[in-house]
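The chains carry the letters A, B, C and D, assigned in the order they are written, with residues numbered from 1 in each.
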Amino acid sequence: MQQIDNFKSVIDKYKGVFFDAFGVLKNYEGILPGIERTFAYLEAHNKEYYIVTNDASRSPAQLADSYHKGGLTFIDPARIVSSGMLTKEYLDLKVKDGIVAYLGTPKSAHYIEGSGLNTLPVSEIDSSNIDKVNVLVFLDDEGFDWASDLNKTVNLIRKRTIPVIVANTDRAYPLSVSDVSIAIGGIAAMCESVVGKQFIRFGKPDSQMFMFAYDLVRARMAINKSEILMVGDTLNTDILGGNKFGLDTVLVLSGNTLASDYGNRIIASGIVPTYVCESAVIKEGELSF
Amino acid sequence: MQQIDNFKSVIDKYKGVFFDAFGVLKNYEGILPGIERTFAYLEAHNKEYYIVTNDASRSPAQLADSYHKGGLTFIDPARIVSSGMLTKEYLDLKVKDGIVAYLGTPKSAHYIEGSGLNTLPVSEIDSSNIDKVNVLVFLDDEGFDWASDLNKTVNLIRKRTIPVIVANTDRAYPLSVSDVSIAIGGIAAMCESVVGKQFIRFGKPDSQMFMFAYDLVRARMAINKSEILMVGDTLNTDILGGNKFGLDTVLVLSGNTLASDYGNRIIASGIVPTYVCESAVIKEGELSF
Amino acid sequence: MQQIDNFKSVIDKYKGVFFDAFGVLKNYEGILPGIERTFAYLEAHNKEYYIVTNDASRSPAQLADSYHKGGLTFIDPARIVSSGMLTKEYLDLKVKDGIVAYLGTPKSAHYIEGSGLNTLPVSEIDSSNIDKVNVLVFLDDEGFDWASDLNKTVNLIRKRTIPVIVANTDRAYPLSVSDVSIAIGGIAAMCESVVGKQFIRFGKPDSQMFMFAYDLVRARMAINKSEILMVGDTLNTDILGGNKFGLDTVLVLSGNTLASDYGNRIIASGIVPTYVCESAVIKEGELSF
Amino acid sequence: MQQIDNFKSVIDKYKGVFFDAFGVLKNYEGILPGIERTFAYLEAHNKEYYIVTNDASRSPAQLADSYHKGGLTFIDPARIVSSGMLTKEYLDLKVKDGIVAYLGTPKSAHYIEGSGLNTLPVSEIDSSNIDKVNVLVFLDDEGFDWASDLNKTVNLIRKRTIPVIVANTDRAYPLSVSDVSIAIGGIAAMCESVVGKQFIRFGKPDSQMFMFAYDLVRARMAINKSEILMVGDTLNTDILGGNKFGLDTVLVLSGNTLASDYGNRIIASGIVPTYVCESAVIKEGELSF
C-alpha cells in the first residue's frame, strides 16, 4: 500500500498546482477548515495554481464568489477552469449562428451566451424554431422538467443532425454524507443511449480540461508538465486525467476516496497516484514564510 | 437481400406462432386493419398462438381489453405473455415479505401484488419504512416525478442491498410516426450506471420470455421448438431472441424496420430472420377455411 | 453481512440442486476432497441434481470422465448441462446445411457435429468454401493460431451475414491460485466489437442454461422452481443467473469469491444469494443415511 | 445531405491544416496519385500542416521515410504527430526507472526508449524481473505470439499495479479493399475487460493528439484554433476529435467513408463535419502559384 505523504513537502517540489474543487477545497459542509493556509503558502512562494472543476452550472465569477463567501478570499475567477468554459469555447469556435437549445438553469445558459447565438431552454423549442437549433447543450440537472423536457430532448436530437454537448461528464454528485444526486452527465448518457448518436463531452478525465489550464499557466510563467502537480480526491477523474496528461498527481483522502479504502481502490482500478496525502490542508505549525 | 415471402405460406409450415404486439398487431393508429383475419385463420386451423410483449404497465386482462376495443376480439388474456408476468413470477418465487418499492403507475403496481407483499411507490419510501424494502421494481415511465423520485431511487439502491428488477428492457417506445418516448428500461439503465450495481432485466431478447410462452404452449399441445414461429418487427429483440431460443423467425415490415432498409439492417446487425414478410396480415382473398 | 450457513441444512430444504463445476466441485488441484459425500447424500435422499457449467470444450461424456478420474464416480453424463449442449441444440434447430466454421479443438467440434453439417476449423476456410459457411462458432481458446485465425474470423464475419455463436460466455478462467487464462468468451467479445455485429451467447448467467436443466429435471420428477437450489462460487454468473431464473441460490466460498471478501462483493454488486456456505462439501460427521 | 465542396476552395480559408494519414494521403495501394500537388500548394502559400496519425508501430522518421518512398517527398518527420509520440512523452514524464514491458515489434519499442528505462517484450518477463516492471505498453499487433503473450500480459497486469498504456486506440485497420486486421487497440480492449482495470489510451479522437499538433504549429506561427482545418476520412476519430477540439473539419471520401453512404453515416452518428470533399487531392488544372 502506498504510504501517506505530507502535503506541504509534496507541493514544495512543484512550480504549479492544479486543484479539483469538491472533496479537495470544500465538501457538503463548506470550505475545508485551514485550506486558506495552503493558498497563502502558494501565494507567498509564487507558485501558480488553478482550480480545475467539472461544473457547468455557473460562471467562474459566480464560482469564485461562492469561495469568497466561504472564507477562501484568495481565489480569483481567473484561477478557475471549468467544463462550462470548454463548452463556451466550443460554441464560440464552432457555432456561428442560430439557437443554442439547453437543459439547465437560465443562470447556466446566460454564462455560455455569446455574440450571434440565442440560448433557448428545450421547453421553448417548438415547430416554429426547431429548424434554427444548431446545437444542444446539457448544462445542469436543475431548471427543467425531467419527464417532459428529456422526452422533448430525445426527439429534438432525432430530428436535427446537430452537435450535442455534455458540459459536465460526472454521472452523480454528493449532496450529503449519505446521499448523491444524478448529475447532468448521467442524464445525457441516458439520452445518448436512446438516440444512438455520439455526444461531445467536456470534463475530467478528458485531457482538454488540463490543456486549458496548462495554456493559462504557461501564459503566466515558463513551466512544463513535469513541474505541475494535480490534486484530486477521485481516482477515475482527477488522478486518471492528470496522469494521462503527464502531470504528477496526489490523491487526497478528504472526499470521494476514504482512508480505509484507498489501497484497495488503487489496486482494483489500476489508477496509481504519484502521492497520497490526508488532505490539501497545510497544518498551522507547518507554515513558515 | 432476402426475398419477401407470403405470410400465410410461412405460417402454414408451423403448429404454433408467437407474435410481438407493437409494430405487428397494432401501431400508434391502432389495431392493424385486417389482422383479425390472421387470428381467424389460426383458430380455424388449430394453430396455437401467443402474444409475447415487453410491457409491464398493465395486466394481461387489461392488455386483452385494449385489443378487444380495437376490434381484435379473439385475443384471450391467457394468450398474452408480458415482461410484467415474469416480474410477478420473480416476486412470487423470490421475495417472501416486506415492501416492494416501485416506479410506475398504481395500476402497474396493482398487477404485481401478491400475498405477503406490500407495494409502495418510491415517493412514499422514508426513514420509517426503508429498512423493510426488500426489492425495487422499475415498472413504467409514468406515475412518478422523474427528478425527485429518480434521485430517491438512486439513494435507496445505494443504502439497501436488495434485488432491483427492470420489468421492461426497452429503452424507448414510439408515440407517433416521428416521436418516441423514453421507456422505463432507459431510465433504469441510467440508475444502474450511477450506482454501479447489477440489475435484473425481464423482456425480449432475453430467452426467459420465450421460455414462459413455450411452457404455456406445451401445456396445451405436444409441440417442439422447430414447430414454432416468432413474428416480430424488431431485429434486436424479437428476431435475435427468437433465433437464440431456437425458433424460426419472421421479420415483418409493418413497424420498426422499414421495407426500404431491412436488407441493410440485417447485414449491419448480423441478425438474420428465417423469413421476411410485408406484415402479419393475411389478405382477404387468401382465406379458405 | 450475511451469516454463513451449514450446507447440509440448506440442501435439506430442496428437492433438486444445480451445481456449478469449477470452484464448487473442483479447482485447479482437482476434485474437492469430500465432495463425494455430498453426492452420496443426494442419491441416498433421492434428490435430483445437475451440473450446470459454462464449458464447450468437451462433450458431457468427456466431462463426466474427468470427474470419474478425479474420484467423483457418481456423476453420470446425463447429469451434466453445458453451454456446449445449448450450442448443439441451436445448430440442430437452426442450421439445416452447409459448413459450421469453428474456433477450438477438433474434439470440441466433434461434439457439436450433427446430421447434414460439416464442421471446419476457421484455418481451413478459403475462397472455395466460404460461401457455404452458414454459421460460425467460438468453442474453445485452444486448437488454433490466435493471430492468423482471429484475423481470418473477423473477415469471415464481415463477408458473410451468418449467425455467430459464442459457446461459453466466460471472459477468463483460473489456471492456478495466481494465474488466469483468457477464455473464448473474451476472445469473441473482441471480435464482436471489431465487426460491430451482434453475436449469440450461451452460458450462465443467461437463463437458457437454467431452463435446459429445469426441463431435464422436470422430466424426471414433479418439481417447481421454488424447490430447486443453485450452488455456485461466482456472483455474476451462478448467483445472478439462478436468482433471475427464480431459484434460491447459495454462494460457496471455495472458488472465485473469498471468505475475506464476500460481504463487500455482495454489497458492491447488488447480487444477493439466498445463502452463503463455506463449501458444498458435507463434513464426515454430518452424514446419516 | 451536405453538399460536396472543392478541397482547394476549402483550404484557402485556413492558415493551417492537419491531415489524417490512412484514407487521406495513402491507402492500401500506396500514396494517393496527385496528393503531392496539395502539399506543393500548402508550401507555396506558406500554410502550416501536420500529419496526425494513430500509429505507434514506427518513429516519425520511419513514417516519413515511407512517404518518401511513395513519392511524397515533401513530408518532414517534424511534420508528423503520432500516438506513439504521446506514449513516448508519457514515459519521459511519468516513468522514472525500471522496465517498460511491451507488446509489439522491437522497432516499435526502440522508438519509445528513453534514458533510465529498459524496454522488454512481455515474452521475456519472468519471476526474476516482474517486480521491476513499472509500466506496460500496447504498441503494435505484430512482433509477439498472441496466445502465450496475451495470457502473460493479463497475468502481469493482475499482479502489478502499474499504468497500462494503449499507444493506438484503433480496433482494426484496413489491409485491402475487402480485408481488415485486428489492431492493438482492439487487443488491448480485450485485456482491459478481462482484468477490469482502467488503461490509458493515446490517439484520435482524444484531444491530446490535437493538442500536441497545436502546440507544434503555435511554435511556428501565431495561429488560433479557428484558423486550422482537420482533414480526415473517419467520422468517429478524425471528425469527432477535430470538432471537439474546436477545429473546422473536412470529411474526405477517399477512405473509410464512401460517397454512396456519407449522408446516412453523418445522420446516424450525429457527427457533422464542417465540409465534405471528394478527396484531399488538388486537381492538376486548379494549381496556380
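As a working rule, contacts are C-beta pairs under 8 Å (C-beta built on N, C-alpha and C of every residue); 3 or more make two chains touch, one makes a residue touch a chain.
Everything numeric in this text was worked out from a predicted model, so none of it was measured.
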Neighbouring chains common to subunit A and subunit B, by label: none
Number of steps on the shortest touching-chain route linking subunit B and subunit D: 2
Numbering shared by both copies at the subunit D-subunit A contact, with half separating same from different: same
Distance from subunit D to subunit A - Cα centre to Cα centre, in angstrom: 28
CA centroid of subunit A to CA centroid of subunit C, Å: 45
Distance between the centres, which are taken as Cα means, of subunit D and subunit C, whole angstrom: 41
Multi-partner residues of subunit B (each touching 2 or more other chains): none
Overall pattern in which the protein chains touch one another (line/ring/star/complete/other): ring
Contact pairs between chains, per stated definition: A-B, A-D, B-C, C-D
Of subunit C, residues touching subunit D in the complex: 141, 145-147, 150-151, 154-155, 158-159, 171-172, 178-182, 186-187, 189-191, 193-194
Residues of subunit B touching subunit C in the complex: 89-90, 93-94, 157, 161-164, 195-200, 206-208, 211, 225-226, 236, 240, 243-248, 266-272
